[in-house]
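Below you'll find a set of structures to go through.
In the two assemblies presented below, chain A is common to both, partnered first by chain B and then by chain C.
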Partner chain A sequence: MDVQTALFWILAGLTGLSAIAVVVTQNIVRSAAWLLFTLGGVAGIYFLLGADFVGATQLIVYVGGILVLVVFGVMLTAQGPFVTMKTSAAEWAISLVVGLLLFSVITLAAVNAPWPQDAHHSEDMESAETSQNSVKLGAAFLGIKEITPKKDLTGFPMGKTPPERKQVAYLLPFEIVSVHLLVVLIGAAYLARAKRRRGMPT
Partner chain B sequence: MMPEVGLQSYLLLGALLFVCGAVCMAMKRNAIGVLMGVELVLNGANVNFVAFARFNSTFEIEGQIFALFVIVMAAAEAAIALAIVLNFYNNHMTVDVDTAEELKG
Partner chain C sequence: MPYISSFWLYFDVLWPYVLAVLSALVLITFMLLSAIFFVWLERKVSARIQDRLGPTRVGGKYGWLQTLADGLKLLVKEDIIPTNADPMLFRIGPYIALAGAFLAFIALPFGNGVVARNLNIAIFFMLAVMSTEIFGIILGGYASGSKWALFGGMREAAQIVSYEVPRAISVIVPVIVAGSMNLTEIGKQQTGPFWNWIVFHDPFTFCAFWVFFTCATASCKRAPFDLAEAESELVAGFHTEYSGFRWLIFFMAEYGSMFAVSGIASILFLGGWHLGLLPPGWDMERLFGTVFGNFINVVVFILKGWFLVFVMMWVRWTLPRLRIDQVMITCLRYLLPMSCFLLVGVSVWQLVAAELTWLSLVNYLLAFGSLFLFGFMVFKAAATTAVSPTQLMPGAWPIAGSAGPHVTHKA
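The block that comes next holds the complex of A and B.
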């Protein structure tokens, strides 16, 4: 077993077990703590997949931002130090059955579907020094570099030619997303502001 | 001996995260727990995006870019959802989603 395989099983075990713990735990604060491990494990999976920029963004935005937001939400809405809202045993059973069924359906689909993939691509693991990942991402955002793949589209129906791919830049969607985030944050600040109740002295 | 780690292992991890998130959304009575379920679902989808970017050179860049977009969208969604939860708490003095039944027909 090489290092990559061992790392995958360690990270996948950490991520999956903490994801299950998020669901099973009744206490919301412990749930948030397990969510921290899940998000960190997913960031590790991204690093393992060679997506270093996405992994760093995951750490910064999810673990640094969203999780802190969630913990603040827990603190602002808790009346006691340990808020537990019990779920009844019947709901547990139904959730377990539905979850197992859903998981088996997705597993069957994922295992049986003929995914197009390059066989050789999984072997030439790039080292950290030669990884041009962030450079490629930036060039794709600006559209200054040819990002259309050299190889043919795998898994395409026989006898048909795949459509010509035009060179695309992701700068406009990126700008739209950033403006969207700004609008949403202003809206969230407006929604969550402290309101004075009607009739109360100012 | 462990089976070889390929695309399908990552897809199964994404499926596990997705199912955990869906069950979490359906089962938790705390509104913030429901929000955590949404985050798990988005992470499961993101794992699939990045795995396809790694194992299929056609989507080498696109998978990662879409994953970045999903992360930004998740940040926006978490902010607005927490604002709604805070408003709900101000009105009902609890975050139990079972008490939100005023619109029930």
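The block that comes next holds the complex of A and C.
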């Protein structure tokens, strides 16, 4: 076992343990703190795999945005000093069944998928310093063709040749989605603001 | 010699990891030592601005060792966790803040290639990990079980989430000019004289520097944006209930992230590790060789970062604290539209300047104009002799009939 594998298992173990702690903890803010370690651990695995852009995005979106908003929401809405959730036995049972089903589906998919054998040593992922992952990601948005994977696609049946990819630019759909999000944000801010009638004392 | 060869085999495999641990140690030592220096500097700067002397006794004439004395005092203080606090969150808050501030240093190049990890998306990585720092502060504020701390944490959350947006957008402006998110690459592009610095590239990057620096000051929760602590309103804000070592760690994180944002500002806008006085195409490595040249690069970079930190302190002790609604309006109504306008403007400029070559004259105009202005300000400051007031201090209320010892009215 080389150091990289050892690091992977350490990170994966910490991520899994803190993910369990997120579910088990009854205090909302405590489970948000555990979620921080889960998300940070996943980001660490991304960094370990050389996908530094995805890792940094994970941190900036989830830790810097969503987690802060979770705690902010609890601060604004909590009645008492520390909010705890009481989960009944039925809720435990239902969530256990759903969780186990999802887990088995994901495990089956992961086990049955034909993974490329030399993925670990592919030159693109060798090092975060020389890898051009984020450059390729940007190029893919603009529809530059060289980024179509040369290796076997995961999840594609072994032995068959994958279909020739058409040149697709994702920039326009991406922009449309982000403008849509902006519209939603402005709408939410409009709905949430305090209504003030004209002529009323402020 | 099988033993020796196997030793070298393991050495080859383990060397990158040993190097990683070593560079982490060097970085954290640098961060903590500069925090010690900054605390001393903060005391001295605030004292001079308020017409005092500041520390003068501990460790010689200038009070060099004052911070060490402070640190010793904080280490032996009683570590108190309030009864109402959530102990687990109360404990981990400071460490999350420190980890966020320290992680940013991993991608920060101190010289040409003097960087722990030369990430391809270094600037994005730094912004991402620095956004985790505030989570520690919010947790600390929330977990203290005190209203003051809760208010401080809430203000911090609202303020930082808002200021992150114009900060990120104003970072994109120099990234568009440089065409890279790799900080080493951006630094290399500013080799040579100071008019190669990105801040003078065009009017939009020039304005983006001020927008970025304002947002960076706010995101380090420095005055005039230090509403999270706001001693005049909230006792001490998010760290009201903290004492001793945990309190110290919060401040290590604050001073660490101050240097980190100053480092980002100096690489993105102010030429990074380049002195700015060499002819085009020359850098210190070409002049003095790789090792010694890079040593000078690191010194120049650290001095630039320290200067920007000094400017933050200067601003802090000069401007009064804003109100929380003024802080939010500054961000949402002014800085955010400004940064969006700068982003569009620099994109148009990059397209237009490729066609119209005379636009590059703006570059020299900005560079030499700023140099002239800076020189004029230094000259004015040096030429004006400091006179201690012999009359009534400005702002003091004259009391009829009773001339105090310092009030000497002249006819």
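The working rule: the second predicted complex is superposed on the first by the 142 of 202 C-alpha atoms of A that agree within 3 Å, B and C clash if a C-alpha of one lies under 4 Å from a C-alpha of the other, contacts with A are read in each partner's own complex, and residues count from 1 in each chain.
The rule is simple: a contact is a pair of C-beta atoms (placed from the backbone, for glycine too) under 8 Å apart; a residue touches a chain by one contact, two chains touch by 3 or more.
Everything numeric in this text was worked out from a predicted model, so none of it was measured.
S.K.: Output check: A:Ala90 vs chain B and chain C. Expected answer is one of first, second, both, neither. What do you get?
M.R.: In the superposed model, A:Ala90 contacts neither chain B nor chain C.
S.K.: I'd like to know which partner A:Ala110 touches here: chain B for first, chain C for second, both or neither.
M.R.: After superposing on A, A:Ala110 lies in contact with chain B but is clear of chain C.
S.K.: Could you look at A:Ala56 and tell me whether it touches chain B, chain C, both or neither (first, second, both, neither)?
M.R.: A:Ala56 sits against chain C, while chain B stays out of touch.
S.K.: Name the contact category of A:Leu76: first (chain B only), second (chain C only), both, or neither.
M.R.: both
S.K.: Could you say whether A:Ile66 touches chain B, chain C, both of them, or neither, answering first, second, both or neither?
M.R.: So A:Ile66 only meets chain B here.
S.K.: Could you say whether A:Leu35 touches chain B, chain C, both of them, or neither, answering first, second, both or neither?
M.R.: Only chain B; A:Leu35 stays clear of chain C.
S.K.: For chain A, which side has the bigger count of touched residues, chain B or chain C?
M.R.: Counted on chain A, the partner with more touching residues turns out to be B.
S.K.: So which bits of chain A does chain B touch that chain C touches too?
M.R.: On chain A, the overlap between the chain B and chain C contacts is residues 53, 57, 65, 69, 72, 74, 76, 133.
S.K.: Could you please specify the touching residues of chain A with respect to chain B in the complex?
M.R.: Listed in rising order, the residues are 1, 4-5, 8-9, 12, 15-16, 19-20, 22-23, 28, 31-32, 35, 38-39, 42, 45-46, 49-51, 53-54, 57-58, 61-62, 65-66, 69-70, 72-74, 76-77, 79, 83, 85-87, 91-92, 95, 98-99, 102-103, 106-107, 110-111, 115-118, 121-122, 133, 136-137, 140-141, 147, 149, 151, 153-154, 170, 173-174, 177-178, 180-181, 184-185, 187-189, 191-192, 195.
S.K.: Mind pulling up the chain C residues that touch chain A in the complex?
M.R.: Against chain A, the touching part of chain C is residues 13-14, 17, 84, 86, 88-89, 92, 96, 117-121, 124-125, 127-129, 131-132, 134-135, 138-139, 142-143, 145, 150, 153-154, 157-158, 160-161, 164, 181.
S.K.: Which residues of chain B touch chain A in the complex?
M.R.: Against chain A, chain B makes touches at 1-2, 4-13, 15-24, 26-33, 35-37, 39-40, 43, 46-47, 50-58, 60-61, 63-65, 67-69, 71-76, 78-80, 82-87, 89-90, 93-96.
S.K.: Which positions of chain A touch chain C when the two form their complex?
M.R.: For chain A paired with chain C, touching residues are 2-3, 27, 29-30, 33, 36, 40, 52-53, 55-57, 59-60, 63-65, 67-69, 71-72, 74-76, 81-82, 128-129, 131-135.
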